[in-house]
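See the structures that follow.
Two complexes, one shared chain (subunit A), two partners (subunit B, subunit C).
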Partner chain A sequence: MSDQQLEKLVEVKDLRISAYNDEKEEIQIVKGVTFDIYKGQVVALIGESGSGKTTISLASLSYTKPGLEFTGGEVLLNGEDVLTAPPDRQREIRGANVAYLAQSAAATFNPAITIGEQVTESAVLHGILTQEEATKRATELYHALELPNPDRIGIRYPHQVSGGQLQRLMAAMALCGKPDLMVLDEPTTALDVTTQIEVLKAFKKVIREENSAAIYVTHDLAVVAQIADHIVVLYGGEIMEQGSADQIINNPTHAYTRRLMDAVRPKPVAGLGTAVGEEHDREVPAVSVDNMTAGYGGIVNGEPAITILRDVSVDVKNAHVVGVIGESGCGKSTLARVMAGILPQARGTVKLEDQELEGSLNDRKLEELQKIQFVFQMADTALNPKQTISQILGRPLEFYHGLKGKEKHAKVTEILQMVELPPEFASRYPMELSGGQKQRINMARSLAANPEVLLCDEVTSALDSIVGANVIKLLTALRDKTGVSFVFISHDLSTVASFADEIVVLYAGRVVEQGPTDEVLEPPFHPYTRLLISSVPELRIGWLEDTMQKREMAVGIAKGVEITAVGCPFYNRCPMGIEGTCDQQSPPIRELEGGHQISCHLTIEDLKDAEKHTQQILHGYEKLEDASLKPHG
Partner chain B sequence: MMMQMALRRVWIGIATMFVVSVIVFIMTSILPGDVAQIVLGQSATPETLAVLRRELGLDQPAYVRYFMWLGDMATGDLGTSKAGGAAIADLIGGRFMNTMVLAGLVALISIPISIFLGLWAAMHPGTWLDRTVTFGTLSTISVPEFFIATLMVLILAVNLHWLPSTAMLRDNMTFLEFMRGMAMPIITLVIVVSAQMIRMTRAGILNVMSSPYIEMAILKGVPRGRIILRHAFFNAIGPIINVIALNLAYLVSGVVIVETIFAYPGLAKLMIDGVQTRDLPLVQACAMIFCGTYVILILIADIGSIVSNPRLRHPK
Partner chain C sequence: MSESENQNGNQNEEVGQEVIEQLDKFDELPDAPPKRKLKLSWIGKISTAIVVFWVVIAAIGPFIAPFHEMDMDGDDSFLDAHSNEYGTFYLGTDYLGRDTFSRIIWGARMTIGISLASTILAYLIGITLGIAAAVKGGWVDMGISRVNDAILALPSIMLGLIAIAAFGSSIPILVIIAGIIYASSVFRIARALGLDIMVQDYVEAAKVRGEGLWWIIKSEVLPNAAMPLATDFGLRLVFVVLFISSLSFLGLGVQPPQADWGSMVRENLAGLTYNSWAAVWPAFAIATFTIAINLIVDDISAKSGGSLAKKMV
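This part shows the complex of A and B:
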C-alpha cells in the first residue's frame, strides 16, 4: 500500500527523553526520534534491550517510566501534542485514544478483579460505551480472538485461564474502547513457540478487522516480519534505519540492521552444534534417571497425588549437553528438580556416576550435592541483592571446599575469569550489573562448587538474542575446558539446536523422543517434535499465513498440554492419531540408529512416510510445486 | 479448597484453645498455696484444710481436676469466686460487657479512620500530608500508652476541664453523660491502636502500587482514586485484616493500663484484681476468655485472608 493515500495518525517529531542520575547529570535515553504512523498501519520498533524502543512507544501514551523525563520534541496524535496535554486529557488519551498491551499478561491482569471488568473498565470509564455495550463488544472480541468459551470467559478470574489466553484477553482489553492506536510491547516474547503463533494469528486478525493502527515493540525480527507494515530500527535511542517491512527484511541497508538479522535465531535444523571432544569420555553417565515418576502432593503406592513426570529415563553422558525441550507445563523444570533432589521422585532411580542417589536433598552427601548444581532462570531473584559478588561466589567455595581468606579470594578472581568478567566485579552488588552479567554471576556461583553436572533452567530465556548467544558461547567453552555436563532446559529450540549434543523432547511429563541432536532434528520426527520445529517463526513475510494453512498446525495449535494417565498424551493434538489405539494404549518406544528413540504408535515407516509431508511443512514454500513430494492419499 | 483451608484453621483454633487451657491450668497449679488455703487463711488447721479440699475436689489428681475444670468451662459454668464466694459468671458478666462496649466503640471509630488515613497517605506519597501521617503514627507507636493516657488527662481534664479524668459509669446515665464518661479512654485507645493500622494500610497499598497491573491501570487512564480503591485495596487487604484483628484482641485483653488510669471497670482490670487476691478460678476464667478472643479474631482474620484471595475463592 502506498503511504500517500493514507491519513496520518501519529507524528513523532524529534522526540527526546532523558534520565537524571544521582549527580543530576542528564543521560539521554531517546536522542531525537522521528517517524509517522498512518491509520491502519502496524509500525514495528525493533532493537536490542536498551535501544529505547519501549520508552518511545510509551511516549504515545504521554507516559514515562519513573525516573525518566520528556526533554524535547513532540508526539502528535491527530494533530494534538500528547506530551503537553493537561493531566485530565492525558488520562483520557490513555485508554480512549491509545491502548497499551504489555509483555506479561500474567502480571498485568489484576488478580482480584474479573477479566470482564478489566476488559471493559477503560471503555466505560472514558464514557465511550455503557457497561452493557462494552460487555457486548468484549464478547464479540473474545469470539474474534478465538478464545474458548467466549460467552463466559468474562466472569472468570485471570488465574483461571492460560497464559496464551490472557495475552489474547489483553488484546481484547486494549481494543474494547476502539482506540485509534494500540501499543504492543513484546506481546509474544514470553510465550512458547506454539502459543506465540496462536497469539500472533489472533492479533493480526483483529488489527485487520478493526482497521486499527499499532506500534509493535520487539527484538525479534522473525516476528516483525509476520505482522509489521513499516519497521523502525533503533539502537541506543537513535533511529538507524526505517522503511517498509519488505525493504527492511529483504534489502536492509544499515550495517546494524544486518547485524540484527544475523542474530535472528536460526531455524532449528541438524548440524548447527559443535561436536563434543573425546577427551572427556567416560564409561558411566554423569547423571542417569531411570524409569522415574514424580509429581506433587502425597505419594500413595508410588503414585503422587498430581503426577507430572511419568516413567522418564534420561542419561546425561560426561561432558555432554542434554537439551530438554517442550512447552510450559510439560515437566522440564520438574525433571531438573528431581535430579537436584529438590523434589524427591515417587518411583524410579536417580544415579550420579552409577551411584544411586537419595531422593531428597537433605539425605544426600555433601560431595553429591557439590557435584550437581542448579542454575536458576531469573538471576535477579536468585542473587541476594544485599551481598557482594565476592560473598555470593565465596559461599560455595567455603561450604564445599573449605576455602578461606586469601585462597578464597584468589579462587573468586579465577571464577570471575572463567565467566569472562573482570576481577573488580568482586566488590560490586548484583544491582550494579547488567542482565547478561548477572546471569554470568548466577552461573559462576554454581561453577564455584566445581560440579560434574550443571542443571540450567531457561538460563538464556530472559536475555535478548545477542546477549544470550554470548552466554551460550561461554557455556560451550566451559564444557570443553572442564568436562562439566549440562542439562539445558529451554523452550527456545534454536538455542538448543546450536548447543546441545543430545535432545530430550518432553510432552505432558513423558519423553516422546530423545537422541543425538542431529538425529532428533532430522526426520523421522515424533509428531510433537515436528509441531515444535514448525512453530519457530521464519524471517520471511507471509510465513505465518503459509504455516497456519497446514492441517498439522490447525490441530496442534488449537489445544494445549493435558497430562493424561492413559494412552498417548499427544493424541488430542496429533494430526495422525489413531482412534482406539493412541487414546487407549501407551505408545511403544521405537529404537533407531545412534540411540535415537521415538515413542509413538506409528511405525518408523509410517513416520518416514509422513516425513515427505513433513518436508513440505518445514520447507513448504520451496517444494509445493514438486508434485513427487505430495503426500500419498 | 477454600472450605478445607477454613476448616483447617478452625481445627487449629480449637487445638490452640486446648493447649492454652493446659498451660493456664498448670501455671495456676504451680503457684504456691491453693484455694483452700486462701479461703481459710491463717486460721487453717491441717484438718479443716483437708475437709475443704475434699469438698472442692482439690484432693483429686491434677488431670482429673483439669478435666473437671475444662468440662465446667465448656458448659459455661465458670465456677465460684473462691475469694468472694460469688459466681464468676456474674462477676465477669458486667465487666465483660464494659470491655466489649469500650472495645466496640474504639473499633468503630479507629478502623474507618485508620483505613481512610492509610489510603489517603498512600494516595499522596511523599507529600506533607503523607509525612505528617507517617510522623504522627511513628510517634504514637513509640510512646507507651500510659504516657498518652496521662497526657490526655493533663490536657483535656486538668488544663481544659473538658472531660472528666476518670470513666465513672453509673446506671441510668443519659447517652451524653455516658459518652462524656467514655470519651477519655476511647480517645486514648483510638490513638494507640490506629497508628499500627494506618501504617499497615499505607505500606500494604504502596507495596501493591509498584505492581505491573497498577501501571497497566494508569495506562488505561484509570483515575488515581479508583486505582487505589478498586485495583490496589483488595490485593492489599490480607495483612490489613490481620493487623486489625490483632489490635481488636489487644482492645479486649491488653488495655489494663488504660483501664487502671481511667478507673474503667473492664475485664483486664478484673483479672489483675484476681491475681492480687489469689482468686485462681477467676484468673483462669479471664485467661481463657482472653485466649478465646485472640483465637476467634485471628481465625476471622485468617478466613478473611483466604476469602479475599481470588485464587482460593475461585479455583481453576
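This part shows the complex of A and C:
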C-alpha cells in the first residue's frame, strides 16, 4: 500500500489448529498456514465455508471456537507470540490490539444500550482513552464513516438505524481503541448490493485514513478485489495460493482460484439467460396477479394497516422463470406468500390458469394447492429434523397423489435422481446432509407435488457461490424437463439475470419495471434498476472507485427506502426526480416493445438519454445534500 | 469463455488439480456423519444405576422383602439392627416395631408408583392442552392459559391441602390432585415448545401443502417436542415425589399402615431423640432417587449442548 512503512505487523507461521472427535482422533482444521500482514495492509482470506478462514482469522486474537485447539505454529503480533501469551495478556490484546467485527451487526449490538456507549466501551475498558476522549474519537469516526447525523447518532439505540449503518457503526466500535489489526468476518455478506457498496466504501476510506491493518474474511472474490492488498486463497485448511491482489485477480495460477473466479457472479447484462423453447407455450399465464395490494394488520376498505405491496400486477407464463428482484423489505417474499395463499391479499385477484383463487389457502382446493408450491428460503428450517428424506419426499406424493408403499418408494428414488442426489439419501435425516443437498431436498419436496408453478424464495442466498451456481444449473434443467414455471425471488440480480426469462423489479412494494430479462437489463432503465445494476461488484480492481464517481450512485446509496402512499416511492433516491410531479403523483406505466414496462414519470426518451439529465441531477443532488445535513427540526 | 482464458487454464492445469477432483467427488456423495449416540458421564451412569435399582425394587419389592409392611415382629420400637426368631432387622425397627428395611422396600412401590402415575397424568393433560393452545391460539389459548396461571399462582402444597380437605385422602385422589397441579407446569412447557415449533418453516410448509391440523400436530409438532418433554419428565417426577412425600409427611398423603417414604419420615421423627435412624433411611431413599434423576437430566442436557436445559428453565 504505502511505501514508507513496510513493517511486519503480524506473522502467522505454520499455524495448525485441530479438533478432536468423540473417539479422540485428531482432525486437522488448519494445516500449516503461513502468511504475513504488514502495517496498513488489508489481507483477505478467501475460501468456501469449511476452508478454515474464520478459524485462522480468530487465531490472531488467540481465540479458537470451543472444541478446537492450537496444535502448532505461532502467530506473532509485533513480534509477540499471542498463542502462548498468558490469559491476562491475551485479554489485553483482544479489543486493544486486535479488534473483531462479526458478520451480523444486528446480533452484535445490545439493543438496550445506546450506540455511543457500546462503540466507546472497549476503548475505555482497556484504559486506552477516557470516556470523553473516546466519545470524541467515536464522533470523528462517525464522520469518517459518513454516517448520517454523525454528532447525534451516538445517542441513538441500535434499532433506530439501518442495517448498513449498524455495520459501519461496528467498524467504529472496532476502531475506537485504535487497534493495530482489525478482523472483519464477512462484514458485507448479508447486505443488499446497494448497502454493501456504501459499507465497502466507508470501510476502505476509514482503513486508509487510520492506516490500520485488517484481515478481511469472505468468500466473495469481487468484494475482495475492491478492498484487499494481499489475498490468501484457502481450501480445506491449506493455502492454495497467495499473492498481491493484482496478481491473484488478474493472473491466478492455481486451479482452485480459477474455480472460485468462475463462480463469481457475472455482471448482470442482457443475453445471459437461455430462452425457453416454444413447446411449453400456452395462451393463459400459469399464474397471474392483478392489481393486488397486500400487507399486514386489519383491512379497512381494501387498505391493510401496514401496506407491503401496492397495485402489483404480474403474469407468470407457462414454463417461464420470472425473477423478482429488489432490496430487503421491498415485498418480494410477500408477493410469493400472496400467490401461495399464506397471506391473503387485501385487494386485487390471484388467478391460476384463468381460475380465480381464494385469498387464503384454507379456502383453496387441494388441486389448486398442489399446482402452486412454495420453496422456503432456509432449507435448514424448512425440513423437519425428525423425518427422514424418504418421509419428507414421500408425504406430498401420498397427500396429493395417493401413492403408497412400493410405488411411493420408487417415485422418491426418481425424484432424488431428478435433483441429482443418490437414492441412498432416502434413509438419511436432514442433519446428515450438506447445505446444498438440503436445499435440493427442499426443492425436491415441492417438485414431488408435481406443481405447475414453483415459488422459490431466495433459495440460493444461504449457499456458497459454487453450491448456489450448481443449484441454479439444476433449476434450469428442471424447467426444461418438466415445464414448471418458476417465480424466482432473489436480491441478487446476477443470479436472476442468468436464470430468469422475465424480471420484475420491486421497490418499496411497487413494480417499478418488468419485462423480458434482455429488455430489462438493457437501456432504457428505470433509475432504480440502473442503481441496482451498477451496484453489483465486478471482479476488477478499482471498480469501487469508478462506480462512486457516478453521481447517481452517490444519490442512490446515500438515502434509505421510504415507503410512501403518494407519488413515486423512489423519488427521494432518484437522481432524475421532478419536484412537484414525482413526489405528488403515482408514476404512469410506460409500455415498451416486448411487454417491457417501466413505471416512471420520465418519458422513454428521457430515460434512454439518461446522460442528458446528469446536469439536472447535480443540481438536485446538491439540494438534497444540504437538506440531509441539517438535523431535523 | 474467451480463448485467452482457456489457454491460461491449460497452462495451469497441473496446479491444484487434485483439489478440484476432491471437490467434484465431494459434490457427488459425501459420507453420512456417524450417528450421534448419547453417552453419559460416569456420574450419569451411576445415577442411572440408582434409578434402575429403585424402579426394580418398586416392581419386585413385596417378593423380596423379609417382612410384610405391616408385620410388627420387632422386639421393640426404635431398635438398632438386630435379629430375633422371626428374622433379621437390617436397619432396625420403627416406632411400632416394624422392620424399617422391609418398609422402605414396600414404600418404594407406593412412592414411585403414585409419583409415576401422577406425572403421566400431568403429562397427558399438560401436553394435550399445551399443544392445543399453541396450535389454536386466540381465545382457546387465552382461556386455557389464564386458568393455568390461576393454578400456578397458588402454592402447590396449599392447593393439595385444600383438595384433600374437600375430597379426603385416598390413592386415586392423590394421583389426580398431583396430576392436575403438575399439569400446569407441563402445560407451560408444552405450549412454549408448541409455539416455537408452529412458526418453523417446516410447519408452514405443511400448512401450504394443505395438511390438516391433526397431521401437523402428529407428524411435525410432537416428534420435535418429544425430546425436551422427555427430559422434563424426569424433573417433573422428582417434584411429584417430593410433593407426595410432603403430603405424607403432613399426614395427608398415603395413610397408615401403608408404607410410603414420606410418611415413614414423619412417623419416625420422634425416634430421632432416641438416637434411632428410622426416620433417616426413608429420607435417604427419597434423596438418592430424586438426586439421581436430576443428575441424569443434567447430563442429557449438557450432552445436547445445553439447549434443552435452556428450555427447561
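Basically, the second predicted complex is superposed on the first by the 604 of 633 C-alpha atoms of A that agree within 3 Å, B and C clash if a C-alpha of one lies under 4 Å from a C-alpha of the other, contacts with A are read in each partner's own complex, and residues count from 1 in each chain.
What we mean here is this: a residue touches a chain if its C-beta (ideal position, glycine included) is under 8 Å from a C-beta of that chain, and two chains touch if they have at least 3 such contacts.
Everything numeric here is computed off the predicted structure, so don't read it as measured data.
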Handout entry: Fit or clash - subunit C, subunit B, common subunit A
Key = clash
Exercise for the section: In the overlay, answer first, second, both or neither for which of subunit B and subunit C A:E121 touches. Expected result: first
Problem - subunit B versus subunit C as contact partner of A:R445, first or second or both or neither - result: second
Handout entry: Partner chain(s) touched by A:A96 [first = subunit B, second = subunit C, both, neither]
Key = first
Handout entry: Dominant toucher of subunit A (residue count), subunit B or subunit C
Key = C
Exercise for the section: Kindly classify A:P396 by the partners it touches after superposition: subunit B alone (first), subunit C alone (second), both, or neither? Expected result: second
Practice task
Please indicate which partner A:Y63 is in contact with in the superposed arrangement: first for subunit B, second for subunit C, both, or neither.
Solution key: first
Exercise for the section: May I ask you to decide whether A:Y157 touches subunit B, subunit C, both, or neither, giving the answer as first, second, both or neither? Expected result: first
Practice task
Would you check which partner chain A:T108 touches, where first means subunit B only, second means subunit C only, and both and neither mean what they say?
Solution key: first
Problem - Overlap of the subunit B and subunit C footprints on subunit A, listed as residue numbers - result: none
Completion exercise
Interface with subunit A, subunit B side, in the complex: residues 211-213, 215-223, 226, 230-231, 234-235, 308, 310-311, 314, 316
Practice task
Can you check the complex and tell me which residues of subunit A touch subunit C?
Solution key: 22, 235-236, 240-241, 252-259, 340-342, 361, 364, 366, 369-370, 373-374, 376-378, 381-387, 395-396, 399, 422, 424, 428, 431-432, 434, 445, 449, 470
Handout entry: Of all residues in subunit A, those that touch subunit B in their complex
Key = 58, 61, 63, 90-96, 99-100, 102, 104, 107-113, 121-122, 125-126, 156-157, 159-160, 173
Exercise for the section: Over in the complex, which subunit C residues touch subunit A? Could you list them? Expected result: 9, 12-13, 15-17, 19-20, 22-23, 27-30, 32-33, 39, 200-202, 204-205, 207-211, 219-220, 223-224
